[in-house]
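Can you keep this structure in mind? I'll have questions shortly.
Per-chain numbering from 1; labels A, B and C assigned in written order.
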Amino acid sequence: MNDKHSLGNFYEDLYPGLDINHATPRTVTEGDQSLYIALTASRFPLHCDAEFARLIGFQREVVNDLLVFHIIFGNSVPDISLNAIANLGYADVRFGVIVYPGDTLRSVTKVLARKESSKGNTGVVWVQTIGFNQHNDEVLRFTRWVLMAKKDINSKTEDSERIATPSQVDVENYFIPSELQVNNFSKEVTGGKWLWNDYKEGERIYHVEGVAIEEAEHQMAARLYQNTARAHFNAYALKDSLFGKRVIYGGHVISVARELSYNGLENALRIVACNSGTHSNPAFAGDTIFAFTDVIQSINLDSKEIGALRLRLIALKNLDPMKEEVDIKIEKDGKESYHPAVVLDFDYTILMPKH
Amino acid sequence: MNDKHSLGNFYEDLYPGLDINHATPRTVTEGDQSLYIALTASRFPLHCDAEFARLIGFQREVVNDLLVFHIIFGNSVPDISLNAIANLGYADVRFGVIVYPGDTLRSVTKVLARKESSKGNTGVVWVQTIGFNQHNDEVLRFTRWVLMAKKDINSKTEDSERIATPSQVDVENYFIPSELQVNNFSKEVTGGKWLWNDYKEGERIYHVEGVAIEEAEHQMAARLYQNTARAHFNAYALKDSLFGKRVIYGGHVISVARELSYNGLENALRIVACNSGTHSNPAFAGDTIFAFTDVIQSINLDSKEIGALRLRLIALKNLDPMKEEVDIKIEKDGKESYHPAVVLDFDYTILMPKH
Amino acid sequence: MNDKHSLGNFYEDLYPGLDINHATPRTVTEGDQSLYIALTASRFPLHCDAEFARLIGFQREVVNDLLVFHIIFGNSVPDISLNAIANLGYADVRFGVIVYPGDTLRSVTKVLARKESSKGNTGVVWVQTIGFNQHNDEVLRFTRWVLMAKKDINSKTEDSERIATPSQVDVENYFIPSELQVNNFSKEVTGGKWLWNDYKEGERIYHVEGVAIEEAEHQMAARLYQNTARAHFNAYALKDSLFGKRVIYGGHVISVARELSYNGLENALRIVACNSGTHSNPAFAGDTIFAFTDVIQSINLDSKEIGALRLRLIALKNLDPMKEEVDIKIEKDGKESYHPAVVLDFDYTILMPKH
């Protein structure tokens, strides 16, 4: 049907060097902040306590880094991933200037590389998306790669040169907001006893609680982020899909797990980087999400007041890791694969005050 | 039970000439805007991008016209339609001055006419409702007619003179905001390729996506609009009703379908008029809503920069019109009636920039 | 598992005299107000009509008293009631200075008393929580008592002296906002015919409507209040609990019932006190909530313009008290207990203008 609607881009449309200005910029408001709290149980004071945010140098409460991520990601969906068969991964996710309620976010994407699958009927596209505020300050950038459907499975395209994605965001690329005044930081406000120096590489933190996600919740979340991917909404068509039902937007699982991690990581300030992330199994409405964190790396920044922690956040569905031991990966048919309860393996880096 | 509660007005209470000031005015806020996005997947930049709104002459992002409609409509429910057996139709819906977050909306209704049913146990009432902001500027007016229950089915009332409702809002009654500066309009922001001149009478646009609606979503929407009609909430009583369950507020179906129409009508600016609307079949929680638009009329306003399009928006449940052809109306028992999947037939007029 | 998470306080941790500053203060915003409306159907103009609020002396629309209660209560949960077996009661709930959108609320709790159960494996703790705004003005105080789990069921602690909780907040402790100008009050705005003088002790008001509550709704409500009690969220663990499922936060039932009470108590201004409250039976997702109010006491304040009404708000699930007569308490096995449909017995006091 050839009418005025858009069906989104296909593999053939996304050639290396292409620059796309995504439509529908988004003014982030107090309303979005409240919904984010209601949908994710967010409790980090930086995002819900204007007095605390001001105390440590900010203008007011700060928009949650992951909400910024979801809005920029959602903004890119109509052009990049409507015809995605799978979101394969992302890397080099760097957060930039602080976003406040009232700021307007827009984004652009550059196609970096592409490669047809061996059968030639699909292909992988690597893109970099950058988000800006209304002053054209960068708020976020990330690389992701997506398995795309072809418009014409018989079309032939040339593969580009491969690109390398870093396994970890370089420390030099951490953006530390200049307005941050860590010396005013208060553990009484966050309720957390532990600071950067207390966290040791290799230690694990179980985040205690489990939170169920309902259809209405993940739909409202994805709509709030203006993410129109049909896997989250089109219940009618999905009856005939692999899972037979709607799949929760993986980014919402990240948010729910990250907000659970408040219990044990109360003094985390902003996220500076996401190094990698795998949505190892789908999550569905009715699932209860649990989470634990492994401290991968303690990064001593050139600062007396603040350090960074590289964390591995594991989310599970319908399995409480405090009650039932679980291997993140298991051997299955001679191959290593994720435990079926593991829905997220997320590697990211946060800032935290030092003693 | 004769206590201090109100049971709402009945047919006998609503006599021609009666003026009602509806209670509980409503300040529309950023929070309402966010919830509207989360509940309807709204993406038109006029309503979510303060920078774009300012670029084309407005103070900031503009409250969605349909959100204004739902709030004014909801405001009238306790006095007009608590005892409605059916909302039969509406006409001559005209949008007025722009509503911004922070504005407070109130409404008044005048009873225009009434007519008893042939059996005399019910009757139809025609009313006109007008909404105002805190400066007493008109933001909306509409006529609707409702089949009402009688308090006493044996009471006798006199029918009034019949009134005519226009099949279409007169072009002279389109309110075009004086602050609108279309020359700054940007297709990059909306993502839409097509402008007023490109749309031809008779063409059809399929809006591609389908969106499921959950109980929690339509309840939250109707509550946000402070619409207390029991058909949307009282699950216990509705077990014994015709459908045996809650019915989604028809206005919410309009909103969901209209926001789907962004794909293909990206450059639509505000709605100037709703000419008529039929909720041809009920929609229930779990239904997936699809939509297409027929361009009925291209209206060449006295402006070099802007024109109007009269559109017929059809919403369907659990039927994807891109995959399965569907006649809007079918022959059934020798009578023409709506296809059982058609839940909305909505005739409205939008403004769109010209080339 | 001894890691950096917190498991909350147990009976042994809460000794009389202990003062706790609760973490994670909360800036209340317009977004919270909108969500509160969408989740509870709130319609009192004081909370949703900025013009009316200004007319009667306030700066703008006022944060709903119960939203303030839920936020302060939720704020205390991680320190006080994560290991609660049951919330046994509350008393002497007094509302203080008006809270506006933008205010930041924090809270402190003092442990007043404790007493081990006869078996010694659990115990009851009495605490008083006080909430403040960013100017350190008191916005709320309340006493509650909680049946707590022990960390070590064999531990021995000393019981404190018992404390008395008042059965009713003393009239001298009503906080009447000095900015309130009742002479500008408008019944047209509220839609209510009846003022303080019209309500008689002993009369009953049925609030007509019934409203269903969904899982997504009560979860969003409890998350909005940052109440992390697992009974509302952890569907997986609760499969093996007494009820086999999530229980709706009792405070949300109070809110839903109180907002139903608008129909018949439209001219209620703020809540000045909650005298006592019993969550007599649990409410679950899918339940439809009905409510009626008994006027317990008409309190003639020292004011020509305003009086107080002490009200008993009864909420029921899946039983419409206008259709089916119900005794609040019934005789069962020779003992008086609540009717199984009664989910709330709430004794509170509101202000209302006089004729």
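Annotations for the structure displayed:
The rule is short, and it goes like this: a residue touches a chain if its C-beta (ideal position, glycine included) is under 8 Å from a C-beta of that chain, and two chains touch if they have at least 3 such contacts.
In this text, all values refer to a predicted model and were calculated from it rather than measured experimentally.
On superposing C-alpha atoms, the copy subunit B sits rotated by 120° relative to subunit C, to the nearest 5. Copies subunit A and subunit B of the same chain sequence form an interface built mainly from non-equivalent positions, shared numbers / all numbers used being under half.
Spacing of subunit A relative to subunit B, judged by their CA centroids, is 36 angstrom. In subunit A, the residues that touch at least two other chains are 29-32, 34-35, 214-217, 220. Contacts from subunit B toward subunit A in the complex involve residues 29-35, 37-41, 43-45, 48-52, 61, 188-194, 198-199, 203-212, 214-217, 220, 263-266, 286, 288, 290, 318-320, 322.
Those residues of subunit A lying in contact with subunit B across their complex are 1, 3-7, 21-27, 29-32, 34-35, 78, 102, 104, 134, 214-217, 219-221, 223-224, 226, 228, 230, 233-237, 246.
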